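Shown next, in structure tokens, is the structure this report addresses.
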Amino acid sequence: MDIKDIIKPENIVYQKTKLFTEKPLSYCPGCGHGTAHRMLLEVLEEMNIQDKTVGIAPVGCSVLAYEFLDIDMQQAAHGRAPAVATAVKRLMPDKFVFTYQGDGDLAAIGTAETIHACNRGENFTMIFINNGIYGMTGGQMAPTTLPGMRASTCPFGRDTEIMGNPLKITELLAQLPGVYYVTRQAVHTPNAVRKTKKALRIAFENQKLKKGISFVEIVSNCNSGWKMTPNQSNKWMEDNMFPFYPLGDIKVPQLEKV
Amino acid sequence: MGELKLMKGNEAVAEAAIRAGADGYFGYPITPQSEIMEYLMTEKPYETTGMVVLQAESEVAAINMVYGGAACGRMVMTSSSSPGISLKMEGISYLAGAELPAVIVNVVRGGPGLGTIQPSQSDYFQATKGGGHGDYRMYVLAPASVQEMSDFVKIGFEMAFKYLNPVMILSDGAIGQMMEKVVLFDPIPRRTPEEIEKQCPWATTGKNANRKHNVITSLLLDSHEQEQHVFKLRDKYERMQKEDVKFEKIQCDDAEFLFVAYGSSARICQKAVDIARAQGIKVGLFRPITLFPFPSEELLKLSSQIKGILSVEMSLGQMIEDIKLAVECKIPVNHFGRTGGVIHSPGEVFEALKSTYLGG
Amino acid sequence: MTEEIIIAGFGGQGVLSMGKILAYSGIMQNQEVSWMPSYGPEMRGGTANVTVILSDEMISSPIVNEFDTAIILNQQSMDKFEKTVKPGGILVYDPNGITRHPTRKDITIYSIDATDEANRMGNVKIFNMIVLGGYLKIKPVILIENIIKGLEKSLPKRHHGLIPENKNGVMRGMEIVKQN
Amino acid sequence: MAKVKGAIVVDIEKCKGCSVCIPACPQEVILLAKEVNGKGYQYAYMEKPDACTGCVNCAIVCPDGVITVYRTKVEA
Amino acid sequence: MGELKLMKGNEAVAEAAIRAGADGYFGYPITPQSEIMEYLMTEKPYETTGMVVLQAESEVAAINMVYGGAACGRMVMTSSSSPGISLKMEGISYLAGAELPAVIVNVVRGGPGLGTIQPSQSDYFQATKGGGHGDYRMYVLAPASVQEMSDFVKIGFEMAFKYLNPVMILSDGAIGQMMEKVVLFDPIPRRTPEEIEKQCPWATTGKNANRKHNVITSLLLDSHEQEQHVFKLRDKYERMQKEDVKFEKIQCDDAEFLFVAYGSSARICQKAVDIARAQGIKVGLFRPITLFPFPSEELLKLSSQIKGILSVEMSLGQMIEDIKLAVECKIPVNHFGRTGGVIHSPGEVFEALKSTYLGG
Amino acid sequence: MDIKDIIKPENIVYQKTKLFTEKPLSYCPGCGHGTAHRMLLEVLEEMNIQDKTVGIAPVGCSVLAYEFLDIDMQQAAHGRAPAVATAVKRLMPDKFVFTYQGDGDLAAIGTAETIHACNRGENFTMIFINNGIYGMTGGQMAPTTLPGMRASTCPFGRDTEIMGNPLKITELLAQLPGVYYVTRQAVHTPNAVRKTKKALRIAFENQKLKKGISFVEIVSNCNSGWKMTPNQSNKWMEDNMFPFYPLGDIKVPQLEKV
Amino acid sequence: MAKVKGAIVVDIEKCKGCSVCIPACPQEVILLAKEVNGKGYQYAYMEKPDACTGCVNCAIVCPDGVITVYRTKVEA
Amino acid sequence: MTEEIIIAGFGGQGVLSMGKILAYSGIMQNQEVSWMPSYGPEMRGGTANVTVILSDEMISSPIVNEFDTAIILNQQSMDKFEKTVKPGGILVYDPNGITRHPTRKDITIYSIDATDEANRMGNVKIFNMIVLGGYLKIKPVILIENIIKGLEKSLPKRHHGLIPENKNGVMRGMEIVKQN
């Protein structure tokens, strides 16, 4: 059978969702931000809530998310997305609201806003891209940088004596009663991507049910910041990030009930 | 005529917010303005008009909540006092950069630092010159009575939406804490979501099929775009200057000397004018009501008949710079004022005028 | 008519609410009023004072440093405010706890044993109303029916039952105030 | 027996040559081209088009979403 | 002569901090100044001079770490860029209120809001008028070269300790990012704890039997005390004006027109002066090096011979107010400048001068 | 035996420590801040480290602590004491450093500084006065205000639907590896006071051993804010605060080792 | 048998009359005075001085630290 | 002598370090130098350019918008910078990937097949050194020994082993550059 017989509109089994704008993604080649965006949009598309969704972009590489996601979006000051989203959701409780933040944004400068939005049990979805580094500003140490891992502000590796241990903010948040669903996923393999999508779907369905915060961490590479090729960085992530940030559900209310 | 009440300035702000049809208030306690949130929490407008009232975890969170709400086209506000306002500087700059409407009340206390909880006017520079980064301005209203604390909330929201710009109500601890009669304006119903979408087509209320997605941002990586954006802001500020300068002239017609003062100081100067007039000294009071845009043109006009200006501020002298620039240094302009929470009395102000311009 | 009053004493003596009742009552008789507290950092204890202005004209400055009347309820306030009374003005004070009594000759000084009287009446809460009565006896700037209206306005509904005893306090104060 | 045949189309100008799709393909269909696109990236292409089953693995891991996948059944 | 190096402005700041004997640096990454902390983390002065270098969780934390360090009499500093500096406003006001010495570097980018990462000078007001609350000022140094990025760190610390006041180095993205030759001053050893206690008897280093306990605070609940405190600050600012104004005059002797510009803009104007002079136009450049205290007296003196001033700033025009006040509005003062991250070229500046004052 | 025979210098068994200044405490009658101050000073006195100690006062009623404690002290901006103390300790590692903060200061505005100082494992002592309210500003709701409890910004009682649940920040901090010792105490009865003193002693001894953060929470009354008499408020505290904030050790490394 | 006798001295001017010491005393020694001090507070005093054992409970709970405790042994 | 140079291309082509070597080398022969990058938000990819000024006098403005020399390494940069060369100045470019070649007549245009040459030499890393060599052939503003010294200064010690191949690149560039 000839290829051109396969490449016909009726045979399409996968294509980029229409919820992307026309703008090419500004992310570095191989960066997980793009995949995370795509899964998010696929969920919005499947739930048919594009017109009811407001997203909050952070300051970080994904500050430009609003250029790519064809939904109404706000760009929040560094670390303040949860505060911004709090107002958005409270003022428009019938909309779907999400934040999308990096590890510097969510777990360093935004710690107070993150903890308190979670503690208040605001009814929105938080998406947390943990790449263990400050991507946008050129690869500085993040709260989640691993011990011994190099970054531009710890060029000899994170020295936990001086710089402290990496912060597992996700595990902390899971303990707050206002937080309903917490999971940690990845987007570097087809399987991981599928699971991430499922998690995002649950997170948005929870919002419909007014369950409080649903928190989806996505461990991702920052191949530029890590100074590796994309595939190297994904391998490194499996070998080094996952042992410290194990993938899987952290708080699943269904299970709790059992 | 609306309802007559005896109220604290802070309470008047809160009541006015409800009556103006505000959609949300986000704040953090700080003396001398905590009554604003306390009044709202007692009145529970969320059970009546549906207005959201939320105590945030900090001033930083509060101003960013305001950002989020304003970006949905909602009428939202916050209030604080000096140290708390300093913490909002980044957020205010973001509001200005993203061209969002919001009302921010500063019930000023004495600084710098933790300072004192007593009334002061030492945040004039911060309010008018942009305490945050970048080329931006707020529209700054300076109430001098509890009545104006109420009225300016309404005007503040009007201006915020007219210009899509943050508006500051620059009050002080005296006006916030004092009680006076106030005639409350009749309640205005909150706009419906449909009305909001019509009034604010730029708002992020959910992209429907009829329009492009709305984006609220202040990021323009291309510096030429950023420059165009800043020029657009400048044009807006110039338009404020043309269309919405506010001021008050008291006994200025035959005045040879002028007090220029705003807020509490203007009240005190008004009494000082009476004292002076009683002694046959022809003094007037020029009260800027908008501190930005500053009523420069009017002041310049007036200055031709004036022999000297005393800028009376509860600070080391900040507005005096705008006065000098306004009158183009054509007549003497001097400062008098107590600071650090001390309030000058009418007598002191009068004495200062005498010793400055009348040889003691 | 313009009456500029300072009321000063301990926190907890009802200084601020006395001022509030005066201000509300002023409104009841169509006066212009202003009520300006001085607020300190302490929650309990410490001193408290409030400036109340009642006037038939627009009040320019709510902040004044000379008063027609000073109502003084502890020693610290006596030390601070005796000197701020305008010549010809009046000073009303409760001698309880006062160690240095007022000495000015250019003002008229009245005393009122309100603490004792309140104890005697078995109702310490009306202490401030007794003082208020004393002041109104000397300077009837407010009609008694307007005081009642003022009380109605300034007290939450659920406390309206207390109005009669408050009125009693005012009446009693009018009786016991005396010129020094 | 019906056999599944697949094919992918890479939006060459938007491909960033990151290679993430390559190990994701169980059939080892994909390689990077020697040539570069307008942005200077070597882009992905089907080196072994016959092996493609249209499993969409490559497409769902592609960070830039530049892969469209087609699949059809052919009688073997 | 010291060591000659080719360095970025940001690197020069970091290297100078080590050489000046700084005790601590506390910062948070932000473009275009992250190289300062990166350089320090690479040089690891904590293993050599013992200088502490710490990446804080935010700009707010960083400025408060500076507060803590300064209160121990230590030489401490922080750096950031515009949005991050806005977040430091409360902390800076505290430093000023508590009279603590510290150096704060702002490598300015275009605002308001997130703006752009390109160079700008639109934080002039914030730096010079006090972006934080209360009556306070920073001593503000404006470097125009990599050399000065290095030198001003040392001078900054000297001034900070002379006046017990925060010092701002107001730079911009261009000077931060560019590389130039720099002659590094010879390293100064860090002071010993004993030296610090001697130099800073007010520092909180542990109360020993020989002295009262030391307290660092900016709280003065009594407003009269607060007023006295503010007057003390005012006297200090006046002393700065008398003793430590810095400026540079380039080809001003016979000038008929004047560029007034600082930082990057001054460099550009210098070239514009050359262009103008080549065409026989007598232009000079007056460069304020301290933006506060502003060199008003010198500028006034100079103004008698000048027909017109062009204030050249990468902003909508902020310093122009200080220029007008300085020359008492006696001669025309106009603004020219690109903003939002766009940098004017020498040619543009020259054209602006011509069109403003020479009929095109 | 006559009383005047007992009241002789040689018979003194308890008196206010000399480490207090002459200034009378500005706290409301019956407020626990004074007792907490005294225990702290007694520990410093017993360890003989007055000359080596630097304290950080917060913004809150205890902002004036520096007036009463005769040690070198700094007054930090609202919520920032842990950041201030971080610098103090790092610049003078041989000194004893402590922070003293209220619940608004430590757990609301200062959340980020608290979490990150703890996470870095800074080697100082944190004293946390949890009175469930903002005392200084006149009794507003704090992050730790109990459900249903009244405060001036929740005059009808804390409504957890709108205002979120009280935040057990102490339990969260205990999970950070940088935090070595965590305990919750009180100062309303002689027994409680004795235990608090012991806890404070351990906290400062740990500092000597460079163990990282030692965190002592003291549940205390704010009788003014709660609008009760001091003894009523202590009773209310036992009945209402302690069930939610149970007293006792939360993280004790000695036990961990077993 | 040696009996322990105690006594307390309240710094009257600094006592705030908070009453916290009263329930802390196992011997019910303390009450508030009818009179007030210079600050207007009813201050604490030993109503039953003989009962005091000098156990210091009152002193260590006193928020203002205004109680000094004395103790001595007497032969019973 | 003052030479104002813009070097522009993709990120990753070594644009900034070529500028750095030039600047360091300038210092080695006692010149004043400035190196002014334009920095964008993207980490990888995107365009990069740097302005280098070498001068015997003090450099006033490090920011200029007209150049004596433009060294251009991709199409976007060609579009942006061809027009910024001063009349009489020079433009050096690598034709690889260039779809619209330069057309100005008032400047001298040189091309250098550096990409191909680097591939041929089996060392893509010396691409930028080949370009540099080409430029120096045309404008010998820097002596070759100072380039070596500049390399020594700008490369970390552990990379000094690479200097010979870099020098090779420079020499090769000198050979292959040609006027259009």
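Here are a few things to note about the model shown:
Here the chain labels run A, B, C, D, E, F, G and H in written order, and each chain numbers its own residues starting at 1.
Note that a contact is a pair of C-beta atoms (placed from the backbone, for glycine too) under 8 Å apart; a residue touches a chain by one contact, two chains touch by 3 or more.
The shown structure was predicted, so the numbers you read here are calculated from the model rather than taken from an experiment.
The minimal number of chain-to-chain contact steps leading from subunit F to subunit H is 2.
Ranking B-C and F-G by contacting C-beta pairs places F-G first.
With centres set at the average Cα position, the gap from subunit B to subunit E is 29 Å.
Mean C-alpha position of subunit A lies 37 Å from that of subunit F.
Once the centre of each chain is set as its mean CA position, subunit A and subunit D turn out to be 26 Å apart.
For subunit F, the set of residues that touch two or more other chains comprises 28-29, 63, 75, 77, 108-109, 111-112, 115-116, 136, 138, 143, 163.
The set of subunit E residues that touch two or more partner chains comprises 31, 54, 57-58, 60, 83, 90, 94, 98, 113-114, 117, 217-219, 221. Residue positions 16, 41 of subunit G are each in touch with at least two other chains.
For subunit G in complex with subunit F, the residues that touch the partner chain are 5-7, 9, 14, 16-20, 22-24, 41, 49, 54, 56-57, 59-72, 74.
Remark: subunit A residues 108-112, 115-116, 119-121, 143, 163-165, 167, 171-172, 175-178 touch subunit F in the complex.
By the touch criterion given at the top, residues 16, 36, 39-41 of subunit D touch subunit H in their complex. Within the complex, the subunit B residues that touch subunit F are 28-31, 34, 37-38, 41-42, 44, 46, 54-55, 57-60, 83, 113-114. By the touch criterion stated above, subunit H contacts subunit E in their complex at residues 20, 23-24, 27, 32-37, 39, 41, 59-66, 153-154.
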